[in-house]
Each structure stands twice: as structure tokens, then as C-alpha cells.
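Some structures to go through are shown next.
Same chain, two partners: chain A is paired with chain B first, then with chain C.
Up next, the complex of A and B:
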């Protein structure tokens, strides 16, 4: 048992780094995912991940596979798309899903174009699918910083974010925070996706954001426990995914996401608000 | 004469350069209880949005007296009922004007919330998820939130829609209680009997003010008839409303000194009639 579960993390430095990096990532990304889901923006994470690509690719093109330029590039691209799509939806008749789709498609095409300038598709694979087993100190520091900023921002703007999700018109009638808090939130989404692309790649980092959140929805009907539970699911997925990847010599990113996917599938059926409890089990009912 | 809580100065509100509330002048006295009536599309909700500030005026302005806090219950709430929140979370939103983003909720705040729930007959509902409430119960919860907001100016946009008779009675009682506490209340309503029985003042809208004053005077048959014959459609070929027109009227009003519009003054404005135009 020890050999199976503990030894890989004790014996190998890269496994420790991978664990620390992915857990820190889950700490910030999972609560953000919960709010994305509650705001019915689950696919926005996916779109934003694509949107980050041209920035990261530009950094990659200019400096090679280095964390800082790729991160800055990704942040810039992500923020342009988030602000652009958010502004179009806030100030015109177009809804956010349409504007987001438009902006991310443009961005994705640009990204693929930039990567192709450099040459081989192996490079593209590296940008898209990340390398959690090769996290250096820079990358770890960055991820720690991002999850710290995320948790702090969430704590400060919690009440506004909940109000903006629950009753946006009410928030507008008592405060001017509605629009800023929406953009701050989109900023957090970008930040966490950028933090995740080194570890998991641009595409799979969305998985760590959304799957634990989606799974947590089946277990609780309140926001705070949902965020905690999402992080717990995320953390378990990271540990399980890394172990599977170690023992089975499989790529770590997909292993982590598939672990999260397994938790999600199990939650659909066995969650307290899942299929078995709400649909299949015969319920007794009270007199009042 | 009581001080003004709300002053409209040549206020024009609308969408896509088509006015929905056209050149409204007048004041809402502090502590008054006013019903806003009119047909669908006559600008009632638009006026509410303009007062709250979620819709910017196309011209003129709407001034709220200094230090007056507004509570607004919209007709079409953007409330997301699938959001995982409990009744107590929803009602606690009403603490925002007092506590803002970071202020800690005190024991008094929590008591205010439970008192409000009790006042609307929802005691024991604190922990209920909002997606399990009936329409009327949700409306009561939203009233409780208005109670918690403890506002000076309360705007209710069709609060009696899809609400049973008993609940309407309870909500009217609450509105009267607010009136008794010298809060200024404006309520959009359709039931004229209800308005006649409970509201001292009435503003009758038909994209422009048709009549405004004591309820019995405002809701006279000839006013209602005129209000019914308004043109609801937008006309893309309608001439532009000249900017200095409005100023004249604003002046005219400044001098009249009365806090309510007189019918005559409204009637003598043929240039702002939104009546049918030749196509």
C-alpha cells in the first residue's frame, strides 16, 4: 500500500513538485469553477482556454518553452478576450455566449497560426497538453501566487459575486459593483487557466476547473460547502491522477482529468442530489 | 408643503431614441403613497427603472433628495432561482445598503432579517432553498428583503402579479405600514379598485403623464378614457422632439409651486401627444 500510494511522492522530487503544483492549482481553480458553473458559464472556461492560446504561443515562439513569457502572453490574450467578450455582452444586445464564441474562435485561429510559424505539431501538443511532471521553481511560484490572489479576491468580493449571480438587477439597484465584479471574476478565470496551462496544458486546465465543480453540485445546495467540496474533489483527482500516471507510465494531465471525470460520473449517480437519490429511490413523504 | 423626495425635471426615458416616458415634470412628496397606473407599454416600469438609475434618462433628470435610500422590487426580477441559496441568504441581500461588500453581519442584522421574514409570514422558511418556494412565497421573501433594506423611497413594480387575495392583503398591509412610517412609496398596479381603496395619490401614465394627483381625481372616467387611447407603437418617422420644448415646460412647472401636476397643465401640451401620426 505504501509503495502504491505514498512512495512515489516520497522518493521523487518531480512527483512532489507535481503534487504541490496541481494541489495549489486546484485550490484556486475549483472555487472559480463553481461560480462559472452557477453563472451558467461552464463552457466559458473552455472558450477562455482556447483564447489564451495565441498569447502563450507568441511567448513560446519568441522565447521557447519558458514559463514567464508564455504566462504573460497567455494573460494578455485571455484578458483581451474576456474584456472584449464581456464588454460586448454588457453594453450591446448580444449575449455573452455569442460574443465569447466569436472572440475565442478568432483568438484560437490566431494561436494555431502562430504555433504553425514555429513548425512541428509536437510543439503544439506541448502547449496544449502541458507537462505537470516538469514543473520548475518559477512555475510553482507562479501557481502559488495565482491561487493566493484568487482566494484573496474571492474572499473580498464574495458577497458581491453571490449577489451578482443570485440577483444581478438587485445588485445594480444598490451598488455599482455589478459590472466590475463580473470583470474581476473573468480575470480570475483567465488567471487560473494561465496558471494551469504549464501544469496541465491549456485544454486540460479547464477540466480541473469545471469537473470538480460540476461533481460538487450533486452533493450540496449551498455555495460555501460546494466550493470546499469542489476543492476536495480536485485534490483527490490530482493525487489519484498523478499516481495512475506514475504507475501506468501515462501522461499526467489526462490522468488527473479522467480521475476528476470518474468522480463526476460517480456523483451523477450517487450524489445526495444525484439520480439514485432523487429519481430512482422510492421516497416516503411527510404529511406536511 | 411637504419636502420633495423625488423630483422629475423634464424627464424623458426610453429605448433606441423612442421615448417611453415623455417629458415628465413634477415631484413626489416625501412620505406620500402613490400608485402608478396605465396600460401595458405606458411607461410604468420604465419610470421605475429611471428612478432607480438602471436606465439613464434620454433627456432631463430625475433627482432623488439627498440621503434617501431606494429599495426597488422589479417586475421582472433577474433572480436566478436555480442558484443554491436559502431564503435567509436572499433576504440578507437587503442588508447591502447598510453593510456593503465587507461589513460583517451583526446580531442585530440577523434579527432584522428574521423580523422581516416574520412580518411577511415566512417564519420557519429561513433554511428553505429558494427553488422550492411558490411564486407567492418568493414575492413575500422579496418583500422581506425590501423590509430589511429599510429604505426611504420604496419602488414596487407590479408586486401583486400572480399573488393570491390573502397575500395581496398582507402586502397591502405592509405597504400601509411603510406609509405610516413616513416612507415614500410608489407602486405600479393594474387593479384600479385596489388603487382607489388604498392609495391616496395616483399617477396615470400613457407614455406621458395623463393625470396626476389625488386618486379620486386622477382615476375619473375621462382620464381613464384618454389614457386608453394612447399610441403604444414606435414610429420611426416621428419627428424629433425639439430640445428647447422641454425647457419651456420645466420652467412652467417651476413656477406652479404645487407638488402635484394639475390636469389642465398636462392637457395643454398637444405637441407632445404621442397620438397616431399619418404614416
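Up next, the complex of A and C:
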């Protein structure tokens, strides 16, 4: 048992780093995922992940595979797309899904264009599918900072965020915080995706954000427990994924996300709000 | 004006007549990547018009061809490729361009090695599968094989342009002699390294033929191709191996992610010894603009890192 679960992390520094990095990432990203899901913006995370690409690519093109320029570039690109899409949806008749799709597609195309300037696409793959096994000190510090900022912001704006999720029109009628909170929240999404692409790559970091949140939805209807549960699912997925990658000789990023996917699938069926339980309760009502 | 008229007439000739009339024109050669391009330049000299698809520092395993490549390909007389499934993009490009050129696999006639078995990735089925038959395509990493490549290139040029055959053969002979000198230099360099220090680490397992020919041991965390992502098991096995076998130095390559290698170096305390050129030459001003420079640079970097530490 020790050999199976603990020894890999004791023996190898890179496993400890991978674990620390992915857990920190889950700490910030999973609660953000819960809010994304509650606001029916689950696919926004995916769109934003693509939107980051041109910034990260520009940083890469100018400075090589350096964390700071790629992060700042990704952040700038993500925020431009988030603000642009958000502004169009708030101030025109167009809905957020359409404006988001338009902005992220433009951004993605720009990113692919910039990466191609470099002449080889191998580096694009490094950006899209970063590896959790190669986290250095800079990357770990960055991820830790991001989850710290995320948790702090969530704590400060908690009530406003919950109100935004449940009834945005109500929030706007009683407080002027409505629009700012929306943008702050989008900023958090971008921040966590930028942190995630260091560890898991842009595409897979969305998985760690959304899958635990979606799974937690099957267990509770209250926001606080849902966030806790989402983080717990995320943490379990990270540990399980790394161990599967270690013992089964499989790539780590996909292993982590597929672990989260397994939890999601199990939750669909066995969650307290999942298929079996709701069916059962429904039955009882009818027979009673 | 003269040139314009000449060009126009040539174009007319090309469109109106068959390949027999083209022999006055330079032979249009497409090389799949920079190392083969260098061979072709040495054999063809002024008689060929060379286009290299994957340029310096580019990775031919994952290259995305552009429409311009398809145009070049469709007009080519000879297409030189490595073969052994090295260029993953090639078949699609050949199909898309509908080229009538002869596709010459330069690894014909070499003695192919199996993919680095006995290393840490026997269990890594996904990495191995994409190269059919499990043969290591990086044959050019041994100078003896490079001579076979050069012979194949001369043969292909002779077949396409009989008039220039003598020139090609003479060039090939001269270049083969240069290759022989480079090979002697590499062997002498390896001799200078004590036998128990001849184990090193690189980020992509491209040096099987180099190992086999010159008696060095290379360990690598990624599979045989840059396409495969390393698993935790691979990295762990490599770190164990470094600790047990006492590898002397660790190297980054010009085309793969250096972060993983730096992480392994930090964990094992082995020094990072510089950049090796595996699948691509450097740009003209760099340390490895030609094949011979690349091989000499690699062995020089290895020797310097081991003896210096």
C-alpha cells in the first residue's frame, strides 16, 4: 500500500512538485469552475483557454520558453477577450455566447498564426499540452500566487458573486457591483487558466476547472459545500492521475483529467442528486 | 530583358515538352529536412535547385506543411526523404501535391536498428507504435549511414539527370572522403573519454545509431519521437537509472522542451552540458550549420561536458 500510494512521492522530487502544483491549481480553479457552471458559462472556460494562446505565443516568440513573458502575454490576451466579449454582451443586444465565440475564434486564429511564424509547430504543442512533470520553482510560485489571489478575491466578493449567479438583474438593481463583479470574475477565470497552462497545458487546464465542479453539482445544491466538494474531487483526481501516470506509464495530464472524468461519471449515477437517487425518490412519491 | 525572354521560353518549353528537354535546367530537388538538404547540396552543387521543407531548428516529426510546400513538391524532379516513417507529414503532402517526382528513401541500404530497447521505455507502447515495425529512423546519426545516404542521393540524381552523372559521382566521392575524416575525428574524441564515463542523458531518444557506432550510452526521458509525452513512470525510471549508473552529463537538444531536462538535472545533481543537435541543423551563424559541423559539435560538446565535470 505504501509502495502504491506514498513511495512515488517520497522518492522523487518531480512527483512532489507535480503534486503540489496540481493541488494548488485545483484549489483556485475548482471554485472558479463552480461559479462558471452555476452561471451557465461552462463552455466559456474552454473558449478562454483558446483565447490565451496568442498572448502566450507572442511571449514565447519574443522570449522563448520563459514563464513570465508567456504568463503576462496570456493574461493580456485573455483579459482583452474577456473584457471585449463581456462588454459586447453587456452593452449591445448580442448575447455573451455569441460575442465570446467571436472573440475567442479571432484570438485562436491569431495565436496559431503567431506560432507558425516560428516555423515549427512542436513548440505549439508544448503550449497546448504543457507537462505537469516539468514544473520548476518559477512555475510553482506562479501557481501558488494565482490560487492565493483567487481565493482572496472569492472571499471578498462572495456574496456579490453568488447573487450574480442566481439573479444578475437583482444584483444590478440593488447594487452597482453587478458589472464590475462580472468582469472581476472573468479575470479570475483567465488567471486560473494561465496558471493551468504551465502545468497541464491550455486545453487540459479547463478540465481541472470544470469536471470537479460539474461532478460536485450532483451532490449538493448549496454553493459553499459545492466549492469544497469540487476542490476535494479535483485534489483526488490530481493524486490519482499522477499515481496512474507513475504506475501505468501513461502521460500525466490526460491521466489527471480522466480521473476527474471518472469521478464525474460516477457522480452522474450515484450522487445524491444523481440518476439513481432522484429516480428512487420519484418512485417513492408515486407509491406513497 | 534577356533573362525574361529566357525564362518565358523555358517556361514554354517546360509546359510543352516532356522531361527530356528539362535537362538543361537545374534539377529541382526537394529535401524533407535540413540534414538531407545539406547532403543534397554537397552532392548536387550548382546543378540542382534545392528546396528544404523543414528548415534549421525545425522538427520534422510534427511539421505542418504549407500550401507553398505542396506547390514546390508538385514541381520537383526528385524528392529526398529519410524514410523509416521519420517524416510524419510526408505522405499527406505527396498525396496533396500529386507530384510525379520520384520519392527517394535515403535509408535504403542501411542496417536499421530497432528502437532503443533495453532502455526505460519498453512499456511505453504508445510512443513506439507510431513508427511502424519499431525501427529507429534517426539513421543519419552515424557517419557510416550518412555515406549510404550520399550514395543514394548520387544514384537518384544520376537517374533523373544523366548528363550530370559524372559531376554528381565526383562530388559524392569528395564529400564521402570528408565524412570519413569527420568519422575518424569522432572516434578519436570518444577514445579520449574514459570508458566508465560514457553514459549521458538527452531529451529525445535520437542517438541510437550514434550509440551503436561509437560506443556511448544515451538515456532519454521521452520516447523515440518528440510526439510522445513523457509519463511519470518514464521520468522516474530515468532518474533511478541516473542514480544507479552514474551518468556523466545531461544535454538539451535544439528542438525539444528544455524544462523537463532541467528538472531531472536539478533532482539528480548532474550538470547540464549544453545543446546537442539531433534532428535539425542550426541556422547559418550557429554552431552546427552543416552535417559535418553538427556531428563534430555534438561530440565536442559531449566530450567537453564529461571531461570538464
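Structure notes:
Here, the second predicted complex is superposed on the first by the 280 of 288 C-alpha atoms of A that agree within 3 Å, B and C clash if a C-alpha of one lies under 4 Å from a C-alpha of the other, contacts with A are read in each partner's own complex, and residues count from 1 in each chain.
Methods note: contacts are C-beta pairs under 8 Å (C-beta built on N, C-alpha and C of every residue); 3 or more make two chains touch, one makes a residue touch a chain.
As the structure is a computational prediction, the values presented were derived from the model and not from experiment.
On the shared subunit chain A, the superposed partners chain B and chain C are arranged side by side without overlap. When the shared chain is aligned, chain C comes close enough to touch A:18, but chain B does not.
Of the two partner chains placed by superposition, only chain C is touched by A:251; chain B is not.
For chain A, the partner that touches more of its residues is C, with chain B and chain C as the two candidates.
Judged by the touch definition given at the top, the superposed model places A:135 against chain C, while chain B stays out of reach. When the two complexes are overlaid on their common chain A, residue A:95 makes contact with neither chain B nor chain C.
In the superposition on chain A, A:8 makes contact with chain C only, while chain B stays out of contact range. Our summary of the superposed model lists a minimum C-alpha distance of 39 Å between chain B and chain C. Once the two complexes are overlaid on chain A, none of the chain A residues touched by chain B in the first is touched by chain C in the second.
Interface residues of chain B facing chain A in the complex, by the touch rule stated above, are 52-54, 70-72, 74, 77-80, 83-86, 89-90, 93, 96-97, 100-102, 129, 145, 149. The part of chain C that touches chain A in the complex is made up of residues 54-55, 57-59, 61-64, 121, 123-124, 226, 228-236, 239, 255-260, 262-264, 266-267. By the touch rule above, chain A contacts chain B in their complex via residues 38, 156-157, 159-160, 162-163, 165-175, 177, 220-223, 226. Within the complex, the chain A residues that touch chain C are 8, 11-15, 17-18, 65, 116, 119-122, 125-126, 129, 131, 133-136, 242, 245-253, 255.
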